[in-house]
Amino acid sequence: TGCGSAGGDNAAAGAGDDKPFIALSNGFIGNGWRQTMIAKFEAAATQAQKDGLISKFKVVNAPGENSATEQVAQIKSLLLQKPDALLIDPASPTALKPVIEQACNAGIKVVVFDSAIDAPCAHVLLNSFKDWATAAAQPLIDGIGGKGTVIVSRGVVGSQPEAEMYQTTQDILAKYPDVKVAATVNGLCDGAKAQKAVLGVLSSVPKIDGVIGCGDGYGVAQAFTTANKPIPALTFETNGRALNYWRDSKLDNGSVAVMSDPGQSVAALWEALDLLAGKDVPKELTFPIVLVEQKDLAAWAGALKPDEYAAWPWTQELFRQQVEAVKSGGDPVRPPIPTAAN
Amino acid sequence: MTNLVAAAVPPRALLRRTAPAVVSAVALAAMVAVCASLQPGVLTVPGLTLILSATVPLVVAAQAQMVLMSVGDIDLGIGNFVGLVTVVSATLLVSSPGVGALVLLGLVAGYAVLGALIHLRRVPSLIATLGASFVWLGLGLFLLPTPGGTTPSWLATFGSWQPAGFPAPVLPILVVSALVWLLSSRSSVGVRVRALGSNPVALRRAGLRPLAARAVAYAVAGALGVLSGLVLASQTGGGDVSSATSYTLISVAAVILGGGSFAGGTAVPWGVAIGGVTLGLVSVVLSLLDVPSNMQSAVQGVIVLAVLAGRVVVGKVLR
Amino acid sequence: MHVDNPPPGSVAAPPRDDRSPAAARTVVTTRGVTKAYGRTRALTGVDLDVRAGEVVGLVGHNGAGKSTLMRVLAGLEPCDQGTVVVGGTQVSPRDAGPGATAFRGVRMAYQETSLCPDLTVAENIWLSSRHCLPRLGWRRAAGAAVRRRLDEMFPGHGVSPRDRVADLSIARRQMVEIARASLVDRLDLLILDEPTESLGPDAARTLYDHVRRLAARGTAVLLISHRIGEVLSVADRVAVMRDGAVVAERPAAGLGERDVLLLMGAEVAESAAVTAPAGAGADRPALAELRGATGQGLRDVSIRVGAGEVVGLAGLAGQGQQEVLERLWRPVRRDTTVRGTRAYVPGDRQRSGVLPLWSVAENLTITAMRGLARGGFRRMAAETATVRGWVDRLAVRGGADAAMTELSGGNQQKVIVARAFASTADLVLLDDPFRGVDVHTKTDLYALIREEAARGRSVVWYSSENAEMAHCDRVYVLRAGRVVAELSGDEISEERIIAVSFAESAAGSESASGPVPALSGAASPATSESTGAPR
Amino acid sequence: MIPRTLARPWIWGFLAAALVWVTILAISSQGGGQTVSLALSLAPYLVVVGLGQMLVITAGPGNIDVSVASVVSLAGFVSVQVAATTGSVALGILAGIGTGLAIAVISVVAILGLSVPPIIATLAAGLVASSLTLSLADGFTAVPDEGLRRLLNLRPAGVPVLAVAVAALTALVVVLLRRTTYGRSLLAVGQSRPAAERAGVPVARVIAVTYLASGALAGLAGALLAAYIAPSPDLGTRYLLDSVAVVVIGGTLISGGRAVPVGIWGSALFFILLDGLVNLVGWSTAAQNLLKGGLVLFVLFLAGGGALRGPATGARTRRRSRPAAATTPATITGDTTHG
């Protein structure tokens, strides 16, 4: 932690002239998920530097609110430093298109992760939002026995992943006519916002059996506590705070914790290295989401700090296995669940 | 003797007025120097193009903010408005250019109406534009819930224009600033608008309608907002209503750095251009310097404060 | 296109020496004009005629309705009842409003200038005279016009059309304001509302010369002023307003100041006599001192204020008097010592006096509140008692609960003076606060100052009106940031002050100032007024 | 004076809140009382931030505190950390308040020492605060105190304890404004800074105290909010725009000089109930934003000059009064006549 973006010491940078220089541009740093994502990347990149895989690395976070314009400016100045590969967690799935093309034209390998992007020259690495939505809704509906009243808490409406996820949720719900949707709130995949949104409707809805959300269960649980109502089945976020709460409150009603994987940034690093090494990597890679089920709950909960999100510990090995799995259409790799000692 | 006195006063007053912009310019030069020392490529034409291009829409938005600040108002909706324009240009302007153009004109008219209502109902512009910013956001999300779309080819061509010999972004910055300068400082419309910010009572006594002046100011700000959005869309190639939210406060800061004030009455288009470019370059400097990621916001804040502190020092010296 | 062409007027402009302008064309006529603002009846039925080529002086106490009447005549506001005939056509209330065409030939110079401070002089001219400026090149035309008019009215004015108004001294702004009002292609009636309050005597003289010339060419001029002597010397006719109506109209010739005062409201006439100050205060302990203060417009100024003393600061406007007050108000420099607490009475009441959202009572107690409070909490009962005392003592019209902005200027000024004296301050600083205040009010306030001084308070009083200095124990006359004379007791007289104010030529033999460096004129931020000789 | 101030301005927020409440009731036809009760358990946080913002806005044209959002987030982390380390909730809350004060010190130094316009000064202070927040959030391990959370969730007879406490705080602010020399000085400074200065009001001290108070209140809100929800780097994000909006809809004069603390409750309830309504009906964020903006504008334009400004207030004229003293005595804006 600390000065990760300092890119290691300069001596090392000078020594490994032929080793690649990796830059990461992150559109937003203001939540726990993004912080975990950056922390995982910096740890892995520092290690890779020690191992002599890369010469140096650099992380640039656009300051302020999720601002595409700031990110564009920062990527442009990164281009001046001529990195060999550029990893991007975009603030906006469209605004970066021209600058990504500019980067590609400059001969830089570009890997975009955490969000689909319509830039033909870039490699894209992302989680399956369909899996995510399915993993959020299905166990929960099963948990309440296929009937009852639920609230749907949507993510950032307007974002393309959300649209896909919401569609998936709708499709699943369509199969269960006995599950009634009492309200659809905008939780924005953010516990605090979901808490307020759910609290706002709780007095006006009948008894709720479950809240299908996108990683905002902790806040929703607080809302039910405030309203003095029993905690229904929830979709928790995968951070330590939520998992500990889930474990301590002994909820066993179909609740799950599911989110995209902040370890993607590390996978993106490995992808960039393989690309630079001339390996054949598909343009689009789908990686597994992080799903915490009841059986793994204790292990995850013990290993995570409150604001730290569960991340798959991608190694170069695991990464290559997953690439093979994607190519061959096989089952996705299941990286090991960390132990509390981590 | 009196002529001597008269001649001695204005240059000093002029100096006092331009000092803020000069300090910003010095800061700008310093920042470019730092960038260049870290990355010599900055001083080449492609380098300057790279680092300056992102500041163009910001400068244009700051000019819009400046026009409103010159009537003593403030626009907390400009960021979302620019975002909305990018959305319109990535959707309607492509599917049916005529309708798109009409909608953009309608948005300018909407700004004028907003200004007129602010005037007639005597509500504070700060809160009215804050309310309007929710409306712009809502409209943008309504048109394009998902960031995306593609801008018309002529816009994209403009965005990727790379003339030889000079950095392309300099041209729109100079042209827009010159236009705003002509309009606000040299034309009679500008006199009305600034008079409104300076002393509305005088404007009314002169038989001019403050309502008209305010509506004109808002219309001009709206037009500049549309221009900013088009430029932004030309650079991003798509529409995203929340792509420019940070412009709201940054544009205010740019006006202040350029020597404008909240009191109204003054128009400082050239200062605003300098202030806007300065602020736009802060994130470039940050990404060139190896500032720890968590500390980047703080450094940005400190740079702004330092430039303004420089102003104070210069102001003291000039007095 | 002929912005500065003086009006041809009617062809039959009467010769100036014909003191019976009754024969001339009537420019403006009002009959039974009334105007009410809410409960306030500002005008109760005004009959007035103004004829081409005459100068009419309009006098009256504060709140008599002069400004309101002028606004009606200038077409800024419609009247409620009655008729207004402008240039031969009767105007209905609908025609009134800023910029109404019916009122094209009527122009008004406001007492508190209606210029835009952030605009240049030329741009300000464009605002009010745009009808007669070319569409292209208006900037140059406006600049040339205003320069010519200023040269004519105030030779040596030192104003450039490209100056920003905010950078000009108050006096110069006033000049621009007056020039602005007179710049029009056809001027039938020029209204001057207290034009000379911030002008020096020299500028006032040249202004009045111009007024006479305008009149000679057929323009009617309405002149409002509280300086009755000036009115009498310039006007052909004097109209006296009282409580919203014109109560008397007299030819100026043969009218004395006392007569006018009697017409305005009689009973003060006697008390206007100057209270002779008590003996010199040199032996009293010093409460405040400036020792060789230099910088920020001052040079080597030494001033001493004894306890219970009224010290005057005199001289032409802008010679450093306000800087002295500023030092005493915020004694942060080494060269200034002030023992005890201070209160300040600003002259610029609109800007730095009135708290517009509050009532009279709230405005009055803001300074005293601190002294009365216990542990940061206000003592309401004590405050109420204070307010009641002062409202009664100064007879503030409207009472304690009236909104401050509903009071007339003079009454607002009373409240602001009372605010300072209601505090426990040992030293009260007066920054020319009685500009444009009527004679009644002034007399009350002078008496108040003497009373408070007798109770042991010290007062430092800057006034641009030299006659006021007679109420002081001691007077320092400043010029170009220096003290050029110290007068006390019987030495204090208007003539003496004027004489030392123009020290260069003056035989100020006894003033200890020594030779004035030649540079001083140029270095002072002012002022064209100092160029002329005393009247 | 009292009837004139209170007669109108604050009524709009409550009216709008009531309207939304009736709509919710009409749609769901149940839980009307509980709706209010739950809204009352969310409103206090916004009210606390709003009270601080109100004091700042009251200090006159140009005064605004845009650092509140970052202060809320930062104070959340600090207070949870301190409470967890010392084991004392009270110390945690004090630490939150102290954090707000510390950030406000940056603003105050910039505003008074460097003459930086408040919107910029507080923007910069906010940036510093968000940097500190991110550094703290990195590897943050402390968890909010359970006892405090239970207290915040306590609703005897449907009335949240916190709402009562914040109502008392509001009353305290009312007393502060009416009965203390600081309050009166603040109102005077807000009406006309030069006039207040000449009337002997220590303007710089009043301004400093005001920003410090805003910082402290935002810090307090952050401490409570972090216990109620959970510390997070974007805990306060929404509170910037909303705090300004509730203050102004609440009837406080945006040009300064008149504060209406009670009105903040009305507009805070309005905002919270509106959120509830939108979520209940299941509108998209597009509609939500359109509705929110539309209603803000509607209330604003409807209430208009009459309610949001004093009867004889030349607010537009007063906006001219420049914050800093000019070198020459500035021009007067002419008659105060219009309105």
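Here the chain labels run A, B, C and D in written order, and each chain numbers its own residues starting at 1.
The rule is simple: a residue touches a chain if its C-beta (ideal position, glycine included) is under 8 Å from a C-beta of that chain, and two chains touch if they have at least 3 such contacts.
Remember, predicted model here, so these are calculated numbers, not experimental data.
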item: Higher-contact pair (C-beta pairs counted), B-D versus A-D; value: B-D
item: Between subunit B and subunit D, centroid-to-centroid distance (C-alpha), Å; value: 28
item: Centroid distance [mean C-alpha coordinates] between subunit B and subunit A, Å; value: 35
item: Length of the line joining the C-alpha centres of subunit A and subunit C, rounded to whole Å; value: 72
item: Sites on subunit B at which at least two other chains make contact; value: 141, 145, 198-199, 201-202, 204-205, 264, 293-294, 296-297, 300
item: Subunit A, residues touching no fewer than two other chains; value: 29, 63-65, 157-158
item: Subunit C, residues touching no fewer than two other chains; value: 110, 114-115, 117, 167
item: Touching chain combinations (by label order); value: A-B, A-D, B-C, B-D, C-D
item: Complex contacts: residues of subunit D adjacent to subunit A; value: 24, 27-28, 30-32, 34-35, 37-39, 41-42, 127, 130, 134, 137-143, 149, 153, 155, 228-235, 237-238, 272-273, 275-280, 282, 284-286, 288
item: Subunit C residues within the subunit B interface of the complex; value: 76, 98-100, 108, 110, 114-119, 123-124, 126-128, 130, 138-139, 156-160, 162-164, 167, 521-522, 524-526, 528, 531
item: Residues of subunit A defined as touching subunit D within the complex; value: 1, 29-32, 35, 39, 63-65, 157-158, 183-186, 190-193, 195-206, 218-219, 222, 225-228, 241, 244, 305-308
item: Complex contact set, residues of subunit B against subunit C; value: 1-6, 8-10, 13, 17, 186, 188, 191-192, 194-195, 197-199, 201-208, 264-266
item: Touching residues on subunit D, where the partner in the complex is subunit C; value: 1, 179-182, 184-185, 187-188, 191-192, 194-201, 253, 257-258, 310-314, 318, 321, 326, 328-336
